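What follows is a set of structures for review.
One chain, chain A, links the two complexes that follow: it is found with chain B in the first and with chain C in the second.
After this line comes the complex of A and B, so read on.
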């Protein structure tokens, strides 16, 4: 049967077919040529690297050293990549006093500097919403007010960042478990494991996650050399990132950068499991609320109306 | 076995001038798309129009539409195998082949949407972390690949036995066909669950999404197959009783009506309750601020409703009208499920920011390239399969 068919294949058809195949193969190679200018090509070690939670202490040492070397090569800066573990008996929570926030956005920029966020294009973890007094209707929020329109007495200001939900939709939807909640309640991303599907970004009700659409643009002067693997080390192209409650600081007993810079004291941070902590005192005595409570995400980021 | 593939291979090389023009055209467009993807790989997804506000765009929109097209192939299978419609039997394999091509396009659309396609192995159980059953995306990976395998098996088995001049043995493929029927529902349902399970996106968070997906798919998929069958008949590549077309037309009409009903039900609930969540719908329809999507969704509505009216009128018996209706349905549903479903959920953003999405030229190049590649695959498979389907049983 097949033989018979073969005989009827004309010479012309065969030549045409062969020519098309040959031409398409070379055209295919030409089509792929833009790959020659690829901005980031993963090294073999990077490509084969395992998930953070499968790394042995020896693996980690090697990887952190590799990252430090890469940073030195790229930025000419000696950085340390650390991996502070979650502390026992600690669950972090944040309280933000809307009564005091003046919308100056100092937190936004302090976060950027602390966490080595891309400056070009600019990535910001904190979004400050400017809302008309009388309602908290997000759909009427002003997102891009100029700096001189902060502290307007007719408005109030509500900064929003990762809410570190106890029932986090982003963690639930990630197909490769590249994002998870640590023992101290901080939701982190393994930048080396994320596949960049952005399902978490679609699932997040708080617009807290940021994607590296381009190669992060960060200059040598802007680099903060005190880094942690799960937070502020430089990110790569095509992966997700987000607020980590500055775990490189907070796990070592310091406050997050956004809190430290706040000129009005609107931001409070501490250990929820410590009955004497400031956050516990506020939660027990003040009128607090969480954003979008009806979604059942159970944020550990509280808002409070207080003087 | 080698003979079989050789036969198919040779068949694809035997064609008229229009056939070669068509193949060359598709190949060229697919290569232009590949070139676009290479640019995107080199410089990142910043080469698309997507942003942190509208973080899924044309890629996922086309993916959703094509999952439906693949699932809809089953609509031809049901009458053929369950009701033992002899005439349907002959052509059902052609829609199963289309399911394969559509599935390949789906997988491509997901892969090009990834920021790090080099890390796709992170999903492979054993060496990576496969977040099953927690993440709906892992369910989707399973059902889509499963569906592809099932259809590959059925097509291969039926074509191969026919090629050998034997009758396919029912025991060896009918059970798989029935599994594939159930599976077809599952691929589109799971894809809907991917969206409707997200509480933070009220536009998607509706129990009606899965039924709507199925209804719209069962209108657009068979509409596409009608066009294919009529084309093959007109070019003399395939002969079948015209009642087959009538039967598929009925499927298309009923599905389209159900789809319009579902959409209407959803619009009523949103607009009448007039809750805050309606803002995604009112923005989509251009009733709340400037909307780039409004002209699209209104055209989709017009196309779908006019097609339904035409299909209910006596004009439906005219082949010209039927072809026009099929084209209207395919375009209408493509808009409804893509631009009208994926993108409006992101506008406004979850914090109320109205950011518009305009795909870039490179992004569109890639989309068109994937379509061209899928159609190329389908054309070649048809070319290889048709001589076998047409051969006289020994």
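After this line comes the complex of A and C, so read on.
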């Protein structure tokens, strides 16, 4: 009888165990309580997801479906997330004629609309700088001039966005390789891999990268449902984002949104390797410069003075 | 002695199971039942105004609604002096809205065909149909015309990679320029960014500096755009 009693759990041990459990559980909960205030906790699949470049087509299909379901749950919009591959023999380049830009900022809002950028707080990839005519003095440039100061004949307007450098400082500094240059010259970010350290924002000499300080505020009325994994799907809290030359459009042969909306035709986009393209004609015939050339970043975004 | 040792081991084993199981249950209760669920469908944000991002050219609407094209003979067959005067610069009364401001090109019949007002005039005096006004403009603006043909002047929409005929939408001179007053005008400007002040990176000494920062980092650097 005594032998059998010894094998079972005694009352004293059970009470001790329960007390220890309670104490350790409450201590653990107290230690983990900051997580309760965290705005976004990844699901298990999100947490275990591999880097974009290690994904197989089957993985991608599964992930894109998951993202589509999340978007539908969150915004009530049926979106398609896909992943257009880089085109062969294509290297994108952008040419902007600062002699023609009138600073109307329509590119800024077309970009917000196309790329599902946060409306509140506002995130914009393009900043239109207003500069006094005579020199390019970036120190005195203003980018929040009121709308009625656009098209001022004493000033010129220089939109600045991601320059897609061939020698990109943001790609070099990323500690987790969450940003890289694609085969067609577009610098992209894997939002799921980004840890939000903002090194790239600090490294970029053009201030072209934006950080999601809050959960992006998007309105479901004008959410763009044509999404791509690497560009305009809704971003998460605490990740970096940037201009991708609208790769969901340009890799399917379409013009980027900022170009399409430009009323002046100051923006030109095309294939740098095609000798007959618009950008090649401008680069060969006009007076072209790149911003902050002395830094050696070798941008694929060119500015041109032309009438 | 050996027996009691064995029983002690067993009793420790029981405790080892109880504690983690209870801990796990506690965590499940804390984080699954009352934990932070993803907020769904409660984003109420003002959408952007479509006027800010809809593609628009200065005279696109005007060209669409220009109903008088091709009807010039309604008046010009009967009411206008015959033979017409080729040196006329200001229309008498009918085209009062037209203010000609095209530099030294200041005569009506430099561009309009004198014998058929529905058409424009070529250098050799023949007519140009009103649907192809670029043929008139190219008489003087040949370099711009070459650029326009190559796609480096003027707006385009659609595809940069043209495979089929209507992949790319091109526009003609008068979609953007008023031929009587050809300087480019566009007035529908969009508002400046409204970034919340707390998210604007400032790095101001008075906000973030200490008593020694002036000596340590020197005078305040100016942020380059």
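The criterion applied here is as follows: the second predicted complex is superposed on the first by the 270 of 307 C-alpha atoms of A that agree within 3 Å, B and C clash if a C-alpha of one lies under 4 Å from a C-alpha of the other, contacts with A are read in each partner's own complex, and residues count from 1 in each chain.
Here is the rule we go by: a contact is a pair of C-beta atoms (placed from the backbone, for glycine too) under 8 Å apart; a residue touches a chain by one contact, two chains touch by 3 or more.
Computed from a prediction, not measured in an experiment: that's the story for all the values here.
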Touched partner set for A:247, first chain B, second chain C, both or neither: neither
First (chain B), second (chain C), both or neither touched by A:174: first
Touching partner for A:197 - first (chain B), second (chain C), both, neither: first
First, second, both or neither for A:141, with chain B first and chain C second: both
Partner chain in contact with A:165 - chain B first, chain C second, else both or neither: neither
Partner chain(s) touched by A:264 [first = chain B, second = chain C, both, neither]: second
First (chain B), second (chain C), both or neither touched by A:79: neither
Which of chain B and chain C A:238 touches, first, second, both or neither: first
Shared chain A contacts, counted only where both chain B and chain C touch the same residue: 6, 9-10, 13-14, 16-17, 20, 24, 28, 32, 35-39, 121, 127, 129, 138-139, 141, 143, 160, 207, 213, 215
In the complex, chain A residues that touch chain B: 1-2, 5-6, 8-10, 13-14, 16-17, 20, 24, 27-28, 30-39, 42, 47, 51, 121, 127, 129, 137-141, 143, 160, 169, 172-178, 193-199, 201-207, 209-215, 237-240, 292, 295-297
Interfacial residue positions of chain A with respect to chain C in the complex: 3, 6-7, 9-10, 13-14, 16-18, 20-22, 24-25, 28-29, 32, 35-41, 73-76, 87, 100, 102-106, 108-110, 112-114, 119-122, 124, 127, 129, 138-139, 141, 143-148, 150-151, 160, 207, 213, 215, 217-222, 250, 253-255, 257, 259-265, 268-271, 277-278, 281-282
Residues of chain B touching chain A in the complex: 3-4, 6-7, 10-15, 20, 23-24, 27-28, 31-32, 34-35, 38-39, 41-46, 48, 50-53, 55-56, 110, 113-120, 122-123, 128-131, 134-138, 141, 163, 165, 194, 198-201, 276, 279, 345-346, 348-353, 387
Interface residues, chain C side, partner chain A - complex: 3-4, 7, 10-11, 14-15, 18-19, 22-23, 26-27, 30-31, 35-36, 38-41, 43-50, 52-58, 150-161, 163, 167, 176, 184, 186-196, 199, 222, 224-225
